Amino acid sequence: MPLQVTVWNENVHELEEPEVAERYPDGIHGAIADAVDGDDRTVRTATLQEPEHGLTEDVLANTDVLLWWSHCANDEVADEVADRVVDRVHEGMGFVPVHSGKNSKPFKRLMGTTCNIKYRHGGETERIWTADPGHPIADGLEESFEVPSTEMYGEPFDIPEPDRTVFISWFEGGEVFRSGVCYRRGRGRIFAFRPGHEEYPIFFQDEIRTVLDNAVAWAAPTEGADAVWGEVEPKESLDD
Amino acid sequence: MPLQVTVWNENVHELEEPEVAERYPDGIHGAIADAVDGDDRTVRTATLQEPEHGLTEDVLANTDVLLWWSHCANDEVADEVADRVVDRVHEGMGFVPVHSGKNSKPFKRLMGTTCNIKYRHGGETERIWTADPGHPIADGLEESFEVPSTEMYGEPFDIPEPDRTVFISWFEGGEVFRSGVCYRRGRGRIFAFRPGHEEYPIFFQDEIRTVLDNAVAWAAPTEGADAVWGEVEPKESLDD
Amino acid sequence: MPLQVTVWNENVHELEEPEVAERYPDGIHGAIADAVDGDDRTVRTATLQEPEHGLTEDVLANTDVLLWWSHCANDEVADEVADRVVDRVHEGMGFVPVHSGKNSKPFKRLMGTTCNIKYRHGGETERIWTADPGHPIADGLEESFEVPSTEMYGEPFDIPEPDRTVFISWFEGGEVFRSGVCYRRGRGRIFAFRPGHEEYPIFFQDEIRTVLDNAVAWAAPTEGADAVWGEVEPKESLDD
Amino acid sequence: MPLQVTVWNENVHELEEPEVAERYPDGIHGAIADAVDGDDRTVRTATLQEPEHGLTEDVLANTDVLLWWSHCANDEVADEVADRVVDRVHEGMGFVPVHSGKNSKPFKRLMGTTCNIKYRHGGETERIWTADPGHPIADGLEESFEVPSTEMYGEPFDIPEPDRTVFISWFEGGEVFRSGVCYRRGRGRIFAFRPGHEEYPIFFQDEIRTVLDNAVAWAAPTEGADAVWGEVEPKESLDD
């Protein structure tokens, strides 16, 4: 059965700002969906404006990996939907928050920290270094690549110490940032990826698309073992 | 200035079950408070029944380390108070959930997982092994010690991979459990300690008291560095 | 191209103890090789007695995953061969030390710790719990399984805090042990698995074979990114 | 009893290059020793040229924290002395390799990786960001500070994923580096700190001295629990 991928986007900039709509005629979700499509994958999109933001029980039950782009509307996501995403991650769904998806309710609930950063608009060069060249999310990349114009995110990034730090960014204005970090929560794999501001055509850049494509493969659920929770009988005799 | 320690207890079993009240005449909070008291420490207690559960803004602002015992009333803790505890941990307050405090709202919000376990009542032997003999929370312990009669908790314990696994328990009935695990979230140190059922006089046992006392010292806030979040000016010229 | 698997065994007990030779007529390496064989895999074996212990430059250059069983002859492994194994792990070869392979030169050099344990011969029940049910090395297992008669290993196990703790063992005699632990060193994935004493037919047990088979799949090399080391030119102008 | 600190330096540049001798009239070891001196500490120095490099059994047995600066003479350190340092770290001695001390035999043996980096001479600005503002090694620092002229080290840094990443550096020439990383091996705490080239007066800079001073406090041994290794009797009856 093909891997079932859902790309979620708040889709607000596209609806409200003509330049963004022109830059991303199919929405940022459309560009990401195109980047992660492939053999043995079915990719669909969902947006904030749909009923239940397009993330119904049924959609999530049939999603193996969820990519998530959000920015200005993080607070408009219903708590119930955010919790539903979190629950599905615990069950094994992969979760790939992109750019300020790091401020989304699901990511913050999965991390248990503020996820605070510093930032700067205006456009500057970002050079993304692979700190973990053995990681499959870096498959096929050179040692570094540049995003020619982007919003800056700077450390400290208030997250739990990552399981793996795959990418670290250098910014022209003098900051650094852990741009690709991996976690597991329950059975679900999480990869938070920094790049992706709506003001730039970042999701059409080859290396960015490669990373997102790799991240989907990495975050796919695996079978694992049984887990039994709740009240249980002893395995050994307690008679004595 | 002395370290300011607050011991929180839901205090429900003590109020509702005469055997528990007899076993812990000053409440479980009283027994824990006595265990962690010492030079250069001021220890106070707070319970569910007090206004704001005794964890007002003022109390938390003046708490360096919060110990937390809860069991049957985890759901009765107000969301607002739980969030206040989480915020203070992010700021640096140490947090030591004990026994089913692992099911408390603050701990689950800090972990981002279900914190599910298996369990069994009835009383059986637990042998607590120090897996990390170099850890300061194990100061002064032998390689293992026994709790003669306790409730069982068994793996899998649905938590993020710990920063350090200090203790692992063996149970007579055949299970194992990571009984002492360390995390940091924001500036705050967290140590979750398994033992402590209300049906047994566990908080009067020397080794248990040693661990709690050590945990308070370990979880105490440290100064750290400045952190600047939000919009910032560049450190380097972006003129070109 | 099929995954190239090499199973290394010191093969000393088999040569010196008739009961072991009878129990493992093809050697422990033969039993492990049979367990991890499969479609898209070529499996070969190598032993201490061969020139360069059967781990020549050529063999290792053509090994994707190396399983390693050793016990009484850990010190007889040539330093040069041990270093060759370590170098190949850094390059990406998976490494699966089994049982007292945890005392082998390659594993200790990769860990940087003593890897000390406590132990007991004589035969007793071990119950292996899956602490990380979402991990692919646990694929297809129940929540726990028993090895009916084994040598005991007990905590503290002097290893770096694992990246993931997949299995924790309960022993009839009262000890616990982290029986399946994951690391990465360089590009190479490492999974140390505890069971497997030569006095028992452990490598014919289904669950053990499942774990070893899963471990080979998990430890297989991935492509990753380029890494450039040594002296480099600046990416940015340093003229000013 | 005061904390016993030993500062080790290969002391080769000072002996062979007049500019370095002029810059560090008491040697780099002298400058570091001055930085970490204080109440309740006794600080001594040792160098490569002394018998057993000044790191005799007796000196190490009486060292709580060892700082280590080395560069061009890493290969000249006797294997026996390197192993002695590693053994003492396992027993609890803190170890703080500075600058290319990351290439020293003890550090590489403790890490189990190549510790490879990229580098560039010539002098450029380094800005050191605190990625973990809650860490005690960052006590008293601002969010970032600059070393005005330094040798560059760049990612990928081939180390195990750190327990904590305290500092990340930005370099004028376009690279990034994890400049302050924490580990534990056995009972010993390890903090590797990047800055410190002999061509610049870096060890006279206030922030650098603060970090080294904090690192000594952080790396100091703690008591911990007993650990029993080797063959043991069962804790439970195995009669049945």
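Here the chain labels run A, B, C and D in written order, and each chain numbers its own residues starting at 1.
Definition applied: contacts are C-beta pairs under 8 Å (C-beta built on N, C-alpha and C of every residue); 3 or more make two chains touch, one makes a residue touch a chain.
Protein identities per chain, from UniProt: A, B, C, D = ThuA-like domain-containing protein.
None of these values were measured; they are calculated from a predicted model.
J.: When subunit A touches subunit B, do the two copies use mostly the same residue numbers, with over half shared, or different ones?
T.: Both copies touch with mostly the same residues.
J.: Mind checking the rotation angle between the two copies, subunit C and subunit D? C-alpha superposition, nearest 5 degrees is fine.
T.: To map subunit C onto subunit D, rotate by about 180 degrees.
J.: For the interfaces B-D and B-C, which has the higher count of C-beta pairs in contact?
T.: B-D
J.: Provide the C-alpha centroid distance between subunit B and subunit D, rounded to the nearest whole angstrom.
T.: About 33 Å separates the centre of subunit B from that of subunit D.
J.: With chain centres taken as the means of their Cα atoms, state the distance from subunit B to subunit C in Å.
T.: About 36 Å, centre to centre.
J.: Could you pull out the residues of subunit D that touch at least 2 other chains?
T.: Residues 127, 130, 133, 143, 154, 156, 161, 163-164, 174-175, 184, 186, 227-228, 235 of subunit D each touch two or more of the other chains.
J.: What part of subunit B is in contact with subunit A in the complex they form?
T.: For this pair, the touching residues of subunit B are 86, 90, 109-114, 116-122, 124, 152, 154, 156, 158, 160-161, 163, 172-175, 183-186, 227-236, 238.
J.: Inside the complex, what are the residues of subunit A that reach subunit D?
T.: Its residues touching subunit D are 127, 129-133, 143, 154-157, 161-165, 168-171, 174-176, 178.
J.: Show me the residue ranges of subunit D that touch subunit B in the complex, using the header's touch definition.
T.: Its residues touching subunit B are 92, 127, 130, 133-136, 138-144, 163-164, 184, 186-188, 222-228, 235.
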